[in-house]
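Look at the two complexes coming up: chain A is in both, with chain B in one and chain C in the other.
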Partner chain A sequence: MKAPAFDYQRPRDLAAAAAALRGASGNAKLLAGGQSLLPMLNLRLARPGILVDISRIEELRGIEDRGDALRIGAAVTHAELEDRPLAGGAMLREVAHGIAYRSVRNRGTIAGSMAHADPAADWPLALAVLGATLIVDGAQGRRTMPAGDFMQGPFTTRLADGDIIIAVDVPKLSRGARFGYYKFCRKTGEFPEASAAAVFDPETKQARLYVGALPGAPQPLDDLAYDLAERGLPALTEAAVDRAVAQIPNLEPIARRMQRAAVTRAVRQAFAA
Partner chain B sequence: MEDQVKGQSSGQGIGARVPRKEDARLMRGRGNYVSDIILPNQSEVAFLRSPLAHAVLRGITKPQGLEGSVYVAADLTGVKPMEAPCTVPNYKISVQHPLAHEKVRFVGELVAMAVAPTRAAAEDICERIEVDLDELPALVDAHEARRSATRVHDAWDDNLYLTLNYDNGFDEHARNAPVVVEREINMSRQAMVPLEGKAIVADWDHRADQLVVYTSTQVPHVIRIGLAEMLGIGEGQIRVIAPDVGGGFGYKCVLQPEEVCVAWLALTHKRPFRYVEDRREHLIAGANSRQHNYKLKAYADERGRLLALDAEVTIDGGAYSNWPFTVALEPGQATGNLPGPYDFRGYRCKTYCVATNKPGFLPYRGVARTSVCFAIELMIDAIARKVGREPWDVRNENLVQPQAMPYNNVARKHYDSGDYPKSLLAVRQDIDFETWRARQKQGEADGRRIGIGFATYCEQSAHGTSVFAAWGLPLIPGYDQATVRLLPDGSLEVRVGIHSHGQGMETTLAQIAHEILGVDISRIRVVHGDTGQTPFSTGTYASRSIVMTGGAVAKTCEALVPRLLAIGAHLMQCASNTVSMMPGRVVGPQASVSLKDIAEAWYRRPQLLPPDVDVNGLEATVGYRPQVDTGVFSYASHAAVVAVDPEVGDIEILDYVIAEDCGRMVNPMVVDGQTMGGATQGIGTALFEESPYDANGQPLASTFMDYLLPGPTEVPKFRIRHSETLSPYTAFGIKGMGEGGAIAPPAVLFNAVNDALRGLGVEVAETPLTPRRLLAAIEGARPKEPQP
Partner chain C sequence: MTSIAFTVNGSPVEADVAPRTHLGDFLRDTRRLSGTHLGCEHGICGACTVLIDGKPARSCITLAVACEGREITTIEGFDDDAVMGELREAFTREHGLQCGFCTPGMLIASRDIVMRLPGADEQRIREELSGNLCRCTGYVGIVNAVSSVAAKRSAPAAETVARPALSVFTPQRRAATATVAAETKPAAETGTRQGWTQFDETFTIHQPRDKVWALFGDIPAVADCLPGAEVLSHDERAVKGRMTAKLGPIAATFAGSAAITRDPQTWSGTIAGAGSDGGSGSRTRGEIVYRLEDAMDGAATRVAVTVLYNLQGPLAQFSRSSIAQEFGRHLVSQFAANLNAKLGGAPAAASSSSAGSLNLGQLVWAVVKAQFRKLFGGR
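Right after this comes the complex of A and B.
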């Protein structure tokens, strides 16, 4: 399959990109790494008249240490996050390393992944559990959106037409904080069948726990996270995991079984001494 | 045997681990494939394919203004439909028009073709073609299709291509059997997924007055015959060239409708056209292999000795029977090979090959044997569990013993030679069976379960005239020939009609020529893949090329020896009975002359030749076929250890060993490579690859998102051990082995998983063993069977 004809633009800065989107009145799509968009173009499932390539815009390519958070430019690739050790960003590095395989990571971007909103993708789960915030620019002006409720369903987000994700602010993990990230893939580089992520800070006694690879957006398991934060690993009983996973709607029994394992394993990583 | 010593000592002859000559270009990305061929004024072709599995084709409307760029069945004037007859009683012929005519019978069937300067533009045109289809009920399940009143082919009185009934001593041997084990076993449909799909460039050569068809095929001469028949022109007017081919696996051993269409365009318009299949087309229209269902009843004694086997085999044959091998090959090979390497005397097998609304079944690496091996090997383990013994022991006791060779199996397959128990013992030792059994008893700290599996198979290879003639196919392999020519500079040219597309035959055939003539293999050029340059052969399939063409190369080189000796003796002024061949030279009592000197005399200084010189010179073509042409049987045992994660359904292969025997190895490194490649595909069949359909016959895995292949991280490091039991029937005792690796992995891995899950009372018997299938089995586990 070859894509139908389209125009291609490579604006030099964010303002030009925004103008290009506005000018196309709904007929344009942003192109970042192209790892999700281009296959859809080739399969003729997406047919934008114009591709606005933002992958080389400098303003979107930076990684900034803002003290309590890391600001990751929208067009930063998975590979860049994999290669670059960031203080307080160890989880970003591990998650990036586990996405697909290197040739996909070389091009795919953090914001492209969020905007594409595949329920099984890594960033929507990881950024949710990390409590990250997306910075979005568009007709309604510049605003922020919490990563945790950014995805509205499979392949749908809170972005409005013409919106551009500019960056993602990821709160740094404290020095004592630990994380767990487990996904079960049929083979290396595949999207997972089940996934879970956990973050635990023993000092503040705070924990967050999310499940991914669901029929819809990643889901928080707040009750279990709360118990774990209070009582540590002893709270991780089979019954507790069962109860937590049972709250997730629309899961058939086999998916439930896999997710139970994913939750258990992610929690063990985060809470093991 | 002196010849062999010669070759061995030079490090290049039969048995030497010579690096592959073709790798110099292939490993540098300098291979030349059909898609690399770009001719001036070439148009691109895109096919519009059926979106429905089964429908009446009411009409096709070409887009306005583009009528000249679109072709439908009615436009292909002079093109005959593809019909492959077969003389097996009650076989029914399917009529396949290259572009659909009156009906569409599977999703992906060619409906129309569009021509444009680029592929994207041709696809744009396809989008604008309107097809008027009246949907019919789709036959998706072979069992239902057997009973359904709906017909895939309206002229038939049922949906059966063929039913085979075989009975040899079944009642007599089953009657008093104390143990009966019954199972249903399923191998799912899959695609073959060569790295390179179909690819065709066709052009008209005005100087040669020929249609030149570059196509990615295993069988260039067969394609020429097929095209001549379908297009209704003389064979001399067609030249088929198969350049580098990125994998065949059987997908490219038959005439493809796309080949007929693109060739017709070039024939009609006298200019070049190109079509390259993409992955989506492959996964949809090429979902054409492996799908077998087995209902088996094994009769055994208390120790698990197999006495008789009752089988009902159902093969989902898809919508069309291919030309020239027909879909009958699959049920034929299934019925004959199901008994496997086992010695038992009662066998009844009913095999149904059913037409359905899916792509027509093609012979994939292993042809039926991957499925039958899966079926019989799962049964052996099931019998062992039933009688409470180690599967290894039961398997070992049932194997045909070496002293019984040659052995006629219960389905009258003739096993020429081999020591099957020896290979089974070898893998038991290599896998370190006792250690794993001990560890298995202890259990794993991470909750995973260890399992150990074995399988043994034998692989019919290079089966020839008598086998194919019994099926009465349109084209039956006979003798293979080679043309060998010593060039004026003393180098050698070997021309063969087979095709090498990964098998390394540019190297192994050179090794065979070297074995006889001693020419350095760097100076031996093997020419293949061009009907304009090579002698006829039915091509590369059925693990036949090294036996057939290898034999022909040897015989042809041998035919040159007396001619070389005579000229050499004359040049040295000595009697011809005093000279002999040494590597690259003719040696006399006092002196020697090189082949180059002899070649120079023949080509450039004929005044030096003896008066009674053989006027046929330094070039010969000789044909070859083994003394017994029913096939020679390679065999192997595989063993694997797996760790099964019962919470998520993951299967990790911890170790995998193979003990194989393909007679004399021409190049053990090539045998290793073929074995690893095949075994990797077998792992795909076992754990990953599947082409599922919904109830309407819509394919559900049309990209690599949904169709999974094993990658480097899923494939273990195979440890391979060889032995060499020479075939009594072939040159050098060689046996074919190109398919073997792909046969055993599903059997081994399922046996290993079943071994791992024994305690849970779980038994799996349907490929691929996805995490979901595995977990479904665990969740629905039957009550426990007694433990050994």
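Right after this comes the complex of A and C.
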């Protein structure tokens, strides 16, 4: 249970981090909080040659109010989001609170979770349903990637070699907006076996519903979300939820049932007075 | 070795450490601070919890080199801490420990709870303690101890938020995403062999059956179509080799052997083998059964594959079975594409039953393939 040998670098700024990645020609792995990577290293499932620690780079550490969106620095920890009330960011706070355990949340970061791309993790689901956008820097320059199709499969994302996530832009929820977030965990803090998230915002006309903890990336259930926005809870029938969840391939029957329950509970949360 | 300087229990510490050394090992082995207990060493049990700049963290999944300039507090560093004094007394009074292995982590987590969440009720305390495992007490004594200390601190007034009900609206619609994937046969734990997982895939090769049959008998050619596979030695009945799987940060190379049987009468065969990954100590056993059927009036061949496998060790512990299945499906779809390419047929046509997973597979494979190339390029 000891990690294999690797080199360690802690670049001062983004430019130095990018240079470190370029210099390692594919053999480096970015380290932020390390709360997913270190277990994999200790189990010797991951064997990078160099770890490039970006957790202290100032450009990645801030939270900025940009009017209609919140810009969350890549290396902001779950605990910082759990503790900090942000106007229009109530869902971030609730989701952050539910991630693993406090001692993990104190170190784990929002963009680290996205880059790691565990299908059962919280941020890939929550940021997809919030319609967030990732800001990424790399050889192809600075560009944006929607959180909704960032994950391409288990532990696989759109990031190219050498890319660094700089920040996540999360659209603020309006005052009349409602959200729901439900996950089935065997034990509090463990990765869920099924999860669902819903956002309804009458002012910005956004209705989104996603399921997570699938074999691959979180999946949208757009038709059900639109129907719910237009008709409210009467649209939440067993048949409608069945139909929506039936679209997701490769689920065992028990997983399908749990996903149906997660969807129903997340939606009920959103519509609760 | 990397030079580091930080503070441990108020005293400055300077040392050279190997980057792979985690903070827990550093504290125990070089500072003789053995109050920090190492249980699972992968962030599950909480026994190794210490404070880093006043915040609880797991020292087994924190690198010592990443703590440069930080203030570390271990269980030995709370002698003069009033809150810890109260907790120690409460743990004693309420029988909050038996063997004591979890206690250093429990106390540090509990101190964080009572200071961060004054007046926390039992449910919240249990939730907050969920990251610290105790195998003796059943938690009742621990929770009572923490509750008694938390109760001395008053809770802040709860905010009451008036929430008008959600009003219905006409949502902005986005263009429909990829068409709904067809249902493929879900993988399932088989009733007959506990702990084994099975999945079925079908694909079509645009070549007559006898040609496909001949290729399936050519072991190096088959391995050539399977990303990550490498044959070390083989005869008609057995093969020895390696299989490298890489998914995100996970890399495993299973070395092993397999027995091969082929029945020309039924156009079917089996490959049954076992292997282990030296790096992680994971083991796998598995069986692949294939059957070739005529398709398109003999112009093409439908290949039905059943994969039955069992994964043990860290890899099984770490990844959920659905992820291993997804990976297996990608492998089969890539195998089909490569086989078609090798036989000079049209691109692999997915059978209707597995269109969804193949499409997803191809997407993912564009990325994963690049990683495979890197892997082999680096050798």
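One rule holds in what follows: the second predicted complex is superposed on the first by the 268 of 273 C-alpha atoms of A that agree within 3 Å, B and C clash if a C-alpha of one lies under 4 Å from a C-alpha of the other, contacts with A are read in each partner's own complex, and residues count from 1 in each chain.
As a working rule, a contact is a pair of C-beta atoms (placed from the backbone, for glycine too) under 8 Å apart; a residue touches a chain by one contact, two chains touch by 3 or more.
What you see is a predicted model, and the numbers here were worked out from it, not measured in a lab.
Chemist: In the superposed model, which partner reaches more residues of chain A, chain B or chain C?
Modeler: Touching more residues of chain A than the other partner does is C.
Chemist: In the overlay, answer first, second, both or neither for which of chain B and chain C A:A194 touches.
Modeler: first
Chemist: Of the partners chain B and chain C, which touch A:V168 in the superposed model: first, second, both, neither?
Modeler: neither
Chemist: So in the superposed three-chain picture, is A:V211 touching just chain B, just chain C, both, or none of them (first/second/both/neither)?
Modeler: Neither partner.
Chemist: Determine, under the contact definition given at the top, whether A:M1 touches first (chain B), second (chain C), both, or neither.
Modeler: both
Chemist: Using the superposition on chain A described above, determine whether A:P119 touches chain B (first), chain C (second), both, or neither.
Modeler: second
Chemist: Would you sort A:R186 into first (chain B), second (chain C), both or neither based on which partner it touches?
Modeler: Touch status of A:R186: first partner only.
Chemist: When the two structures are overlaid on chain A, which partner does A:R257 contact: first (chain B), second (chain C), both, or neither?
Modeler: After superposing on A, A:R257 lies in contact with chain B but is clear of chain C.
Chemist: Residues on chain A in contact with chain B in one complex and with chain C in the other?
Modeler: 1-5, 39, 43-44, 187-189, 191, 253.
Chemist: Going by the contact rule set out above, which residues of chain C touch chain A in the complex?
Modeler: Against chain A, chain C makes touches at 2, 18-20, 22, 25, 40-43, 46, 49, 52, 55-58, 60-63, 65-66, 68, 109, 112, 116, 126-128, 130-132, 163-174, 176-177, 180-184, 186-188, 247-252, 279-281, 314-315, 317-320, 322-323, 325-327, 329-330, 356-357, 360, 363-364, 367-368, 370, 374, 378.
Chemist: Touching residues of chain A toward chain B in the complex: what are they?
Modeler: Listed in rising order, the residues of chain A that touch chain B are 1-5, 39, 43-44, 184, 186-191, 193-194, 253-254, 257-258, 260-262, 264.
Chemist: In the complex of these two chains, what residues of chain A are touching chain C?
Modeler: Touching chain C: residues 1-8, 10, 26-27, 29, 31, 34-35, 37-48, 51, 53, 55, 79, 100-104, 106-107, 116-117, 119-120, 152-158, 161, 176, 178, 187-189, 191, 200, 202, 204-207, 214-216, 220, 222, 225-226, 229-232, 246-253, 255, 270-273 of chain A.
Chemist: What does chain B use to touch chain A in their complex?
Modeler: Interface residues on the chain B side: 118-120, 123-124, 127, 278, 280, 645, 647-650, 688, 703, 705, 708, 710-711, 713-714, 770-772, 775-776, 779.
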